[in-house]
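When the chains are written out, they are named A, B, C and D in that same order, and each has its own residue count from 1.
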Amino acid sequence: MIEFYNVNVQIDGKYILREVSLRILKGEFVYLIGPSGAGKSTILRLIYFDLFPQAGTVIVDKYSSAKIRRKDIPYIRRKIGVVFQDFKLLTDRTVYENVALALRVTGVKSSEIKRRVMRILTEMGLSQKRNHYPQELSGGEQQRVAIARAVINEPFIVLADEPTGNLDPRTSLEILETLERINKKGTAVLMATHNYDLIRKFKHRTIKINRGMIV
Amino acid sequence: MKRARLATVIAVTSVSLALLLIGLFGIFYLNMDRWIGRLRAKMEIEVFLDPTVKQEKIDQLRKSIQQIEGIESVQFISKEKAAKRFKQEFGQDIFDIIENNPLPPSFVIHLKKGYRTYMRVSAISGQLQKLDAVDEIVFQKQLLQIVDRYIQIVYLGTILIGLMITFIAFVLIYNTIRLTIYARKDIISIMRLVGATERFVRRPFVVEGMAQGLIGAAIASILLFYFIKFVKTFIYPYLATTPYLFLILLGLGWLLGMISSRLSVGKHLQNV
Amino acid sequence: MKRARLATVIAVTSVSLALLLIGLFGIFYLNMDRWIGRLRAKMEIEVFLDPTVKQEKIDQLRKSIQQIEGIESVQFISKEKAAKRFKQEFGQDIFDIIENNPLPPSFVIHLKKGYRTYMRVSAISGQLQKLDAVDEIVFQKQLLQIVDRYIQIVYLGTILIGLMITFIAFVLIYNTIRLTIYARKDIISIMRLVGATERFVRRPFVVEGMAQGLIGAAIASILLFYFIKFVKTFIYPYLATTPYLFLILLGLGWLLGMISSRLSVGKHLQNV
Amino acid sequence: MIEFYNVNVQIDGKYILREVSLRILKGEFVYLIGPSGAGKSTILRLIYFDLFPQAGTVIVDKYSSAKIRRKDIPYIRRKIGVVFQDFKLLTDRTVYENVALALRVTGVKSSEIKRRVMRILTEMGLSQKRNHYPQELSGGEQQRVAIARAVINEPFIVLADEPTGNLDPRTSLEILETLERINKKGTAVLMATHNYDLIRKFKHRTIKINRGMIV
């Protein structure tokens, strides 16, 4: 479902990724680990077509990085839930509106949006904070908003970039349980993480990367 | 929310101020145009007749003159009236000097609107010259020539400045909306990351641009209305205005808002 | 860097366009002022004398007239010259009608600059009336009254519009710089978090504001210069200009940039 | 040196901190732990006077939250190094300029700035990235820039809010070693963290907080 064939990414002549090939199957749960600056976030960006390889091909669903047209990108992105490493929340909208945004762009009805947003916020323990703005939240709360937004669309894959970086061990566990539950329902999960405790606790296939190369 | 509000306030302020400027300029143009029209309307041709001409002939002449194209009105100045005018101009009664009134009778002719240029007046003067019993034709040749020449300059200058103001208004609005969009750069980029189409991203900006243009135009109209009222009450009661001006402002605001936001968003989206 | 650059470009554009507007308006004002000055300069007082007055007396009169305050020049129109003027105005030689020239000799008087108003002219006319051998005094009473009244309106209107443009320019620049600062809100807040004093945060903005004002004024001056050149070459070679205009623009740009950025930063810093 | 006396922080009627009293001595190394949303970042904000308590007093160095004047705040902040949870880097300046900023605001000479910035960047393994903009860095690299900016001023205390949240275990270790080294030179360190591995490895006094109260 997601396939990388000898992908190279170069910026200013420097290799960020070099000959990366990998495959993630439907409904799989995969960890992506490696030191800081290894290229984890870059791999995720390739998957949601925010970046294109200089050589090699990235295939996501039925789209290929070589052939995808600009106007197709929004549609594939709707089927991918991304938890960004820096959250990327809108500072001028409430928690509720931030999560609802992912549905609004797809044209879902308001009543339907309300129902689904409220459910996911409750699940994430954020229903009390729904009318707060992101800068009024703690780091961990912001991260949970980002996760809520990523999964609300029921995507076929969730890309989670360090989704527990700002969370205490207990909340981290809860988040991972949430991801597991989503995964059980058939959604694939690709999670970049430094948290080896979690990897040990929830065993899944692990892709290791260092200096832009799979090891 | 707060961010969007500030940008909106600024955009609307700019739009309304720029449009107010255009409105003020429109009023200026309107009044200048009317003033020049009046100047031309005052223009008259004097047709001096043979002093011995008969009443019969005079009536006949009047008819011939009235048939010439472009003549609006013909007024007969008898010898007696001419004497009065002499008194006015030279400060002396002509009858003090001479017993018989030596001044010739004349026709004073006013022309229709389109005929008040030097070229046309000369042509009409030529036709008049050919009539019987016409001695001499006098009109303000030089003045008319000057008006013809300078007025063109004035119109050209005015239109040039007007276009410039419109252009300036456009640039200001374009820039303001551009900055507005720029201030929401992050929002745009995040929207696109969660799967918004170009249309979805673009629409609110264009709608907002049009709304800002219209609101700005409405504010400009209100300000202009009170400006007009103020000037009419305290300075110059004969100020020319037209309700079309307000319609033009609204249309212009809408158009400027739409075009500038379209261009801005279009240009911007490529860079995010 | 990129962020700062865009905002700068926009601010400078706005400043230069607004100042260009002021410059255009300045030129308009200058030319209108000169034109009205010329109109007044044309104003003359005609002093008709007793037709039988002697040359001796005339010389004496001329001296008396020249001593009156406000008199710029005195020109004598003899009976012969008057006859010529008659011919011009009435299209007929006066000697055709009568053997002896009945027209009175006269003085044509021009006034000094400050004396060309209805009030002053009336006063001078009163003094002239008292002189020996003066028969009648004629000047364009009505025209002068009209000019006096309307010119005040025109000046008032012009100054009003001028002030309005300056105000609009100020608001535009203020808003642009405000938006510029707003776009760097995060920067300001981060600077303060790492221990920058208010002064430290404020200074670059004010310096930048002044620089933007000056650069904008320079651009406006260049545009205005070419605009003047264009108009002089192709439309109206007698366009009045003054180098002070450019100095004023530069000063105004600097002042506007400084004041508006000061106000903007001052206002903004409280909210970060 | 840092003292909290019965500090209460309320926002919109809700208690964020309740009767918090604590004391950090000169040159001490203290962990601040607790679940997401407990109030850790809030405690740090009180210390650098970004927030003032509704009741109680915060004393930092010779300044008290009750008496400090607006114009004194910049000067006390220069003596406190903060690693913000969300980094707070200037996106329009390079890594070099971001780190240099902390010195520029104090009016240090350019040559001196250059020397010190280059040394700290090298120490953080960022000298290669000195001309990059923050958005061109990986999450962990950004975090290290934030740390570099916090310590360059040789503050009397470093407040580190989750300074290893985006870092792999090895880089985390290095960061902690850096903080330890700084601490050895006499600088106090207050570190909010969720990383219990590190707490176990580098033993220091730990302040535990939950729902706005010290436990």
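The working rule: contacts are C-beta pairs under 8 Å (C-beta built on N, C-alpha and C of every residue); 3 or more make two chains touch, one makes a residue touch a chain.
All values derive from a computational prediction rather than experimental measurement.
Taking the definition of touch as given, a chain qualifies here only if it contacts chain A and chain B alike; none does.
Counting hops only between chains that touch, chain A reaches chain C in a minimum of 2.
Set against the Cα centre of chain A, the chain with the most distant centre is C. Centre-to-centre, using mean CA coordinates, chain B is 67 Å away from chain D. Centre to centre, using the average C-alpha position, chain C and chain D are separated by 63 Å. The distance from the centre of chain A to the centre of chain D, each centre being the mean of the chain's C-alpha atoms, comes to 28 Å. Note on chain placement: the centre of chain B and the centre of chain C lie 21 Å apart, centres being C-alpha means.
Of all residues in chain B, none touches two or more other chains.
If touching chains are joined by edges, the resulting network of the protein chains shown is one closed cycle, each chain touching exactly two neighbours. Pairs of chains in mutual contact: A-B, A-D, B-C, C-D. For chain A in complex with chain B, the residues that touch the partner chain are 48, 50, 71, 74-75, 77-78, 82, 84, 88-93, 101-102, 105-106, 149, 153.
Listing the residues of chain C that touch chain D in their complex gives 1-4, 186-187, 190-198, 200. Only residues 6-7, 10, 13-14, 17-18, 20-21, 24, 28, 48, 86, 89-92, 96-98, 102-104, 135-136, 138, 153, 156-157, 160-161, 164-165, 168, 171-172, 175-176, 178-180, 182-183, 231, 235-236 of chain B touch chain C when the two sit together in their complex.
Put simply, chain D touches chain A in their complex at residues 11, 33-38, 40-41, 85-86, 136-141, 143-144, 161-162, 165-172, 194, 196-197.
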